[in-house]
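In the part that follows, the structures are each spelled out as structure tokens.
Next come two complexes, and both contain chain A; in the first it sits with chain B, in the second with chain C.
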Partner chain A sequence: MTTTLPSPEEIHDRTRTVLATRIGDAFTDVPSDAELQTALGERYDSLTAMECISAIESEFGIEVDFVADDVRFWFSSVERMVRFTHERLEDTAALGLGS
Partner chain B sequence: MPDIAFATSGSTGPPVTWLRTEAQLHAEAALVHDVVLGSARFGRIVSYAPPGHLYGRLYGRELPRLEDVPVTGLWDEPLTVPPLDDGVPTLLVCLPSTWQLLARHTTALARHGRVTALHSTGPATPAAHQVAERLADTGFRAYELLGSTETGAVAHRPVAGEHTGGLPWRLLPDVEVLPGRIADGAGEVQRLRVTSPRLARRTGAEAPPDDWELPDLVAPVTPRTFHHVGRASRLVKVNGVRCDLAHVEDTARACCPGLDLVCAPVSDPVRGEHYEVFYAGPEPVDPADLRRRLGRLPSGLPAPRAVHRVPRIPRSATGKVLTAELTATARPAQEAEHV
Partner chain C sequence: MTATVTTTAPRAPQGRGVSGGEPDLWCTYAAVRTLGWLDRADTITDPDGTAAYLSGRRNADGGYAWSRGMLSDAWATFYCTQALRDMGRPVPGTEATAGWLERTWSGDAYAMLPGQAPDVWATHFSARTAVELCGGPVPDRARLLDWLSRLQCAEGGLSWSPEDARRGKADVRACYYGVMAWRAATDNGASGAPPWDVEALADWLRDRQGEEGGFRFAPAAEVPCLWATYRAVGALAALGRAPRDPGGCQEWVMRRRGPSGAFVRWAGYDVEDVWASFCAVGTLKALGAPLAPVADAVTSRIAELGCPGGGYTYREPRVAADALSTAAAVLAAGPAAPRPDEVRWLEGCQLPNEGGVMYMPGRGSEVRCTLWALAAGAFAEDRAARHRIADWLAGLQNADGGFGYWEGRGSDLVSTAAAVETAALLGGPDGLGLDLAGVLAFVDSCRTAEGEPFAHGNVPGAEPGLRPALQAQRVRLLLGPGLAPSDEAREAVGVLLARHRVRGGGYAGEGNRVPDLLSTYEAVLAADRAGLALDTAHVLAFTDRVRGADGTAWSPLAPGGGGPLADCLGTLLARRLAADPGALPALALS
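And now, the complex of A and B:
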């Protein structure tokens, strides 16, 4: 069975959509390479980050391990989230775990 | 030893400081340890509750001192997983948000088998009930406390599984219930009015009050058990931070003149409870401008989860805001303007 992985561009767009839903219109002008905590202040606190992680897991069907994965690093900017998600999807496909 | 101060900040009206004696703190920590936690011996306490608040102070500082147990403070690190790989009997001092974290690690919690979770500062979240359900047949235990800064813990119960239904609350042994204000026509639901040796003393007062009426509405089951059926005031607890919506509205209206603005309580899967702002006005108001104005709310007051611009605020003939209609009309046709 062949699984088509979403491109980094598609992951980027879907990630931004997911974050915009959680964070609101304040997110619209935040560049993808910006540190979200710096750009959004209290609007991207740890609990909002947790909500965003859950939403990305649901969007892409991946799992984030709060022990093994450095969530503070990988979920600090959109670009890093895209890299993390893409690599996790590639790993999943390589192991034949994808749907 | 001077009395220890706990402020209710400005989020429920004017800032009030409540004072507790060291003996009261020790008595409460010891009582909950004995009655609720079954005098369990812990090798580690991990606290997600800040020690500046009563709950965090009691179980992240007083109980560890009383029992000579090392404590790990994670109140600034809500995403950090507690140690679960060494089998040390562990007490987790949880906030509503902690359960999202625990729900990700039920396998490790089940394998550990000697973890007890204590929950307070707000209603148990859906994730809390999921965890309790998944771990029902393991060594994991979870209990919740009901109380306030003014009263300390009043009652306790196990955290119920998703399909267990609401268990009644049981009064702590040193708490007595007094007749509270009746909240419904049948007289069964009333404000929870209590007396105990652990009531706090308001700053400036010589002694604690004889009794204290909480905003919680309860329906008695037996003389020492009750069901919690809601709150009489418009208090919500955003991950444990008290927030009186009437006070928020007064403050927000003062900084947003000309707007018809109300706050509606909403459930929040991470924080337990939250609130959203709905507004209408003759002049179109830029949401970004409104957010900036709301950003000047008193410090410590949680910002609203979202702001919705609506054509009008629906009210009954007597002027009461129709909250259900308000929240229904705002979703999903209108996109939330988050702040």
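And now, the complex of A and C:
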């Protein structure tokens, strides 16, 4: 069985939608390459980051390891989240773990 | 050896403390309130930054926390919202705040946290927040007045709780908080008379005034201070009464002015801190004395206490040291690099009137700070000072057997575990006159009745978590097999560690997904205490993730270094992983 992976563009759009729901209007004008903590200040603290990671896990059916994965790096900007998610989906598909 | 006469002298601590240079909530409230009383609110340092500092403590549940990410409590909720209001800033979402307050209502009065026993500190804060900020009545005025009525001791003064009143523990602070809660709940008395023998209460308060003019907290307090004076005079004024010698009181207050013209807390003290000016101006206001003669000096002094980015601390930010940061520096340096100047500063945080160590000098003794200071080696050879701590600790135990953060606060597991650990460092819990069966009863009351085995919350009825559950087992192990079977405690630690073990490394406070520093530290500490083998590589994977060039982070998600306390815990953990079991001091924050 072949699993069709979402394209990076689709992951990007779905990620932005997920973050907009969690963070609110303040996220709308934040560029995808911007450091979220710098752009949003205390609005993107560790609690919010945790909520965003959980939402992305749920959206794409992936699992983040909070110790093995460098979450502080990979979840610091939208672009990095997209790369992380895309690679995780590819790894999952290659290992035949996708549902 | 440091002699007691030095450590208890009413001067500011000598030696060298460690300051994070950051704003503090109580200090920020006191500064904003004082400037408001002086009609100088336009001089608030960085008003936008200060307002952001206050509003940033709001949690999604509508309450406010002492620091971002912590649980909401009544104290922080009152200080944040009142200070925002004093600044003329909007207070967001007061309906949600009212909803959070209702969760702290016990049926009779307010608690500091949902599920905790009510005390007069929390009841004062939350009655005023409910009425003055949220615009509603208290949930049940008749029951609140009945609860307040039961705070009166036989001698006339008010205590922290009805149980403490039966034990005769009256204090002018409890009088003030009780009176102000009554006033808030009854629209300044329009809908309910004071529920006490007011003459007996007023006489008890008046009797706290000494011949020199200032007031003491209670008959046993060593020196009169501005904090006690403000609370006594404020309570009397709210009851329509005056001190026995108002002129003497005013003169005593005015004699507490330091070199800048702002105030110091008692005769001989040498730092003009924010609380002294807050209490002095509050006293003068309550006495109906003119504020203009002190307004310029106090305003100038408060301007020196503003922190970069907003908010205030108790003195100049560069030197506004605190006991936790200072103890952390000593502990992180380790025995190979002794820091005697810092230890001396910690010993100076044992000041008159309360025998424990104060978080910031002049603020009030706190259990956790006392434990951290002792763990850092303070008072190691000062038997008299250790005796003062032991006496203070014994007097702090609540009727439910537990301990709160400081005098009069409702019990919680963090403070109870810290108190028992403190007693152990002073020579053993059973030699200090503590009610050990009472301690165990409180710990048992925090056990979650339903759900997973050995689950405990920080207070009765709170959500369970790893840290309170392990703290409960540490207490049981310290109490010994005569009170609590050690085998059962060891089994519980093993079960709890397995439940909250994060696959990649470390331990999670809730569930088993996101590890954090406090939970992992507590896990290693409890494992060592229980004699359980530690998977060193598993914990190392966590410490390697959170420790970096910019310090130790509180969790893999937290940005950058977490400051001196996180650095201390990270360093001690790393040291423990390279050494034998038993090397970790029993430090806890939450």
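Rule of thumb we're sticking to: the second predicted complex is superposed on the first by the 99 of 99 C-alpha atoms of A that agree within 3 Å, B and C clash if a C-alpha of one lies under 4 Å from a C-alpha of the other, contacts with A are read in each partner's own complex, and residues count from 1 in each chain.
One rule holds in what follows: a contact is a pair of C-beta atoms (placed from the backbone, for glycine too) under 8 Å apart; a residue touches a chain by one contact, two chains touch by 3 or more.
Values in this document were obtained by computation on a predicted structure and should not be read as measured data.
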With the two structures laid over each other on chain A, which partner does A:Gly24 touch: chain B (first), chain C (second), both, or neither? first
Just checking: does A:Gln37 make contact with chain B only, chain C only, both, or neither of them? Give me first, second, both or neither. second
Pick one for A:Glu90: touches chain B only (first), chain C only (second), both, or neither. neither
Between chain B and chain C, whom does A:Ala68 touch in the aligned arrangement: first, second, both, or neither? second
Hey, what residues of chain A end up touching chain B and chain C alike? 42, 46-47, 49-50, 66-67, 71-72
Enumerate the contact residues on chain A facing chain B in the complex. 23-26, 42-43, 46-47, 49-51, 54, 66-67, 71-72
Using the touch rule from the top, collect the residues of chain C that touch chain A in their complex. 52, 56, 68-69, 502-506, 513-515, 541-542, 545, 553-559
Which positions of chain A touch chain C when the two form their complex? 37, 42, 45-47, 49-50, 53, 65-68, 70-72, 75
Considering only the defined contacts, which chain B positions touch chain A in the complex? 77-81, 97, 100-101, 104-105, 239, 270-271, 287-288, 291, 303, 306, 336-339
